[in-house]
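In what comes next, chain A is part of two complexes: it sits with chain B in the first one and with chain C in the second one.
On to the complex of A and B.
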């Protein structure tokens, strides 16, 4: 090696390592909080199949392609698939979880504002993957 | 061998040759042909996405199945038929010279490894499968139409064997055939990158080879490894696939970094800042490449612990990559830099490498992954690697070795125009796609709803792709014209850098 000193590189590496440690720690902490499902969250069973979504509420109501939820309540999605892998996605609420046949994956969210949002499939699932879409309606509590 | 076009030979003499530069030339021409073929598919994709389809308007590709086939073959082609063969081309030309040996260790095996590529490419292109480049079951088992899917499986099988044979050859050439006076610590960094890459290939590829066989028997209905209807687990395939193909990402990127290590010191007229840190970072990247495959699968229902482990494994790759960037910048620092085309491409590639890596940190931070996963963010992110870093370094290196291969000089002005247009185009396409992903557009969609932001960003990306397309036409014209009619190069010092190369640029091995 040439005679130059290497300390700028060591400082640089230390900074990068420190930065990555910070990113990792923050991400670990945030994910830990995000994954904690609140008690009493209402369960919605989500089933993906080529090429639409079916939602089953706790009271047995079944919706296809549309999902109606109430603002301020917490919901836990139990996601499964009837055929190939899909990915259940409400991008506006950063809800994303694969629907894998033979497994039940869970993810939760609590809508904060009244409004409508897109539901889509984010894992390639064939011919009409691009149009495997639905709508989320966040509504005022009924009573 | 060298100076091909000044001493024309019948084409079969090159085709049936086992000399390393002849095989290098075959690799080179094949990989460039597939660069243009795969690139045209990308343009077709970008044209289709320029407008959303509203009542039959704005449609360029007939149906979604054709579109799905196009992006599958686009990815498969550019990864397996452009990037990997291009690295083999460079390795074939330069590794024997760098380790001062007369040829590759096993010349016949070398020829066999190359000649497995054309039939494999034919299988991929004649089949035109639709299940994306990672063939996720159970879609690829129960839903994907044959025989295209089966042809893809056989094609990839052959390409895998070809890679392993090539890798064995590089490892033996570098470790066993280097000149006895030369220690491993004197082997140039480009050869080091190919050595490390080859070791990764030998360790990683067998896993995917097994997964491909299981996929095939699953498709034939003989087994149910990945088919939940028969008690299998599709996520097992994801693990096997990414256990091979996350390290494979480093197989793609390390030779590109090796090529930059050739270009940067020469055109900065300074020795590499730290050879040792380059070697160390290569080895470190090879190790950590095996610790991060799970970050492709955060959304498959992984437990918190699994995700944490793979996030840490992924972040561990950042300091090693950053060491390379530091090394490049420190080498250029206070250098008398000459911005010929190779240097422009290499420096542009480093800038985009940095951008790509920064985006990667966002992907791997667990909660953020769920905002970006399988969206256009990911498309932008990995294209900054494969196009922005790897293709840039490869094209830069092609300009660099052009006088070595043809004995003539390319047109410098066209080379610079090629770079400027490609650089602007790459930024327009792939930076925009990052933002598009944050707005929620999924990958691999034939069409999208007419959301104004999505339309605008898709159009910016498509315009960028067209700019890259134009630059590639300039590139092709330059290569064809200059190899026949370009100025004769001064092969001692074709770029007028003065000073000595680390090995004689005009060095060549006699034919045998």
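On to the complex of A and C.
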């Protein structure tokens, strides 16, 4: 088409492509940082079932409805379910991962402060879903 | 057309190649101790900053277009498509 410049359109397309690329790269990088488990993280097996959480530490200690961890240490949760789909959530530490029957999903975190926090199920899983709660106790290192 | 190629070359050097480089640099090395709350909040904050900036530019451009090309603008000239019989 004569007498008509396409430059604004091309610049617009370039800006959109650049922005989308930047957004994708930033999101990808944040996901990578959040998903890479640090070396030496203690594995805790988390089992969800109607309607409570069970935690098994590496040394075989089993806790039900409560979880004791040490501040400044990394923990890798291996999350599974015995019945329906649940979702393991420690809201204060932005830990959220589905517990799916037949699958082991993983998520890690490193508590930064001593204190207690709520653990809850974030996927509607039946009658007592609302009360499928637990408590996270973050304590001083024992040694 | 040559200028277009030049523009995209510059853009790819500035944006696309570093992004791809970053994306393919991932290895199996163990992660660092970091606070996922900070990472996630930072990402959210930057995305929102970009979203609101882009939104403001787009909304501003639309408002300017509506204002500039309104019928009552003294500078408005009918286009050939609209005809000249006013």
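Assume the second predicted complex is superposed on the first by the 122 of 143 C-alpha atoms of A that agree within 3 Å, B and C clash if a C-alpha of one lies under 4 Å from a C-alpha of the other, contacts with A are read in each partner's own complex, and residues count from 1 in each chain.
Here is the rule we go by: a residue touches a chain if its C-beta (ideal position, glycine included) is under 8 Å from a C-beta of that chain, and two chains touch if they have at least 3 such contacts.
Given the structure is predicted, the values throughout are model-derived calculations rather than measurements.
A.B. asks: Looking at the overlay, what does A:39 touch: chain B (first), chain C (second), both, or neither?
C.D. replies: second
A.B. asks: May I ask you to name which of chain B and chain C touches more residues of chain A?
C.D. replies: The partner making contact with more of chain A's residues is B.
A.B. asks: Report for A:74: first if it touches chain B alone, second if chain C alone, otherwise both or neither.
C.D. replies: In the superposition, A:74 touches chain C alone.
A.B. asks: Touch test for A:128: chain B only (first), chain C only (second), both, or neither?
C.D. replies: A:128: touches chain B, not chain C.
A.B. asks: Considering only the touch criterion stated at the top, classify A:84 as touching first (chain B), second (chain C), both, or neither.
C.D. replies: first
A.B. asks: Does the superposition put A:110 against chain B (first), chain C (second), both, or neither?
C.D. replies: In the superposition, A:110 touches chain C alone.
A.B. asks: Between chain B (first) and chain C (second), which, if any, makes contact with A:25: first, second, both or neither?
C.D. replies: Only chain C; A:25 stays clear of chain B.
A.B. asks: Looking at the overlay, does A:94 come into contact with chain B only (first), chain C only (second), both, or neither?
C.D. replies: The answer is both, since A:94 touches chain B and chain C.
A.B. asks: Do any residues of chain A touch both chain B and chain C, and if so, which are they?
C.D. replies: Common to the two interfaces on chain A: residues 17, 23-24, 26-28, 30, 32, 34-35, 94-95.
A.B. asks: Could you list, by residue number, the parts of chain A that touch chain C in their complex?
C.D. replies: Going by the criterion above, the answer is residues 10, 14, 17-19, 21-30, 32-39, 74, 93-95, 108-110, 112.
A.B. asks: Going by the contact rule set out above, which residues of chain A touch chain B in the complex?
C.D. replies: 1-2, 4, 6, 8-9, 12-13, 16-17, 20, 23-24, 26-28, 30-32, 34-35, 50, 83-85, 87, 89, 91-92, 94-98, 100-103, 105, 118, 120-131, 133
A.B. asks: For a test of understanding, state which residues of chain B touch chain A in their complex under the given definition.
C.D. replies: 64-65, 68, 130-132, 136, 138-139, 142-144, 228-229, 233-235, 271, 273-277, 299-301, 304, 307-308, 311-312, 315-316, 318-319, 322-323, 326, 330, 361, 364-368, 370-371, 373-375, 439-440, 442-449
A.B. asks: Where on chain C does chain A make contact in their complex?
C.D. replies: It is residues 4, 7-8, 11, 14-16, 18-19, 22-23, 26, 29-37, 39-40, 42-43, 46-47, 50, 54 of chain C that touch chain A.
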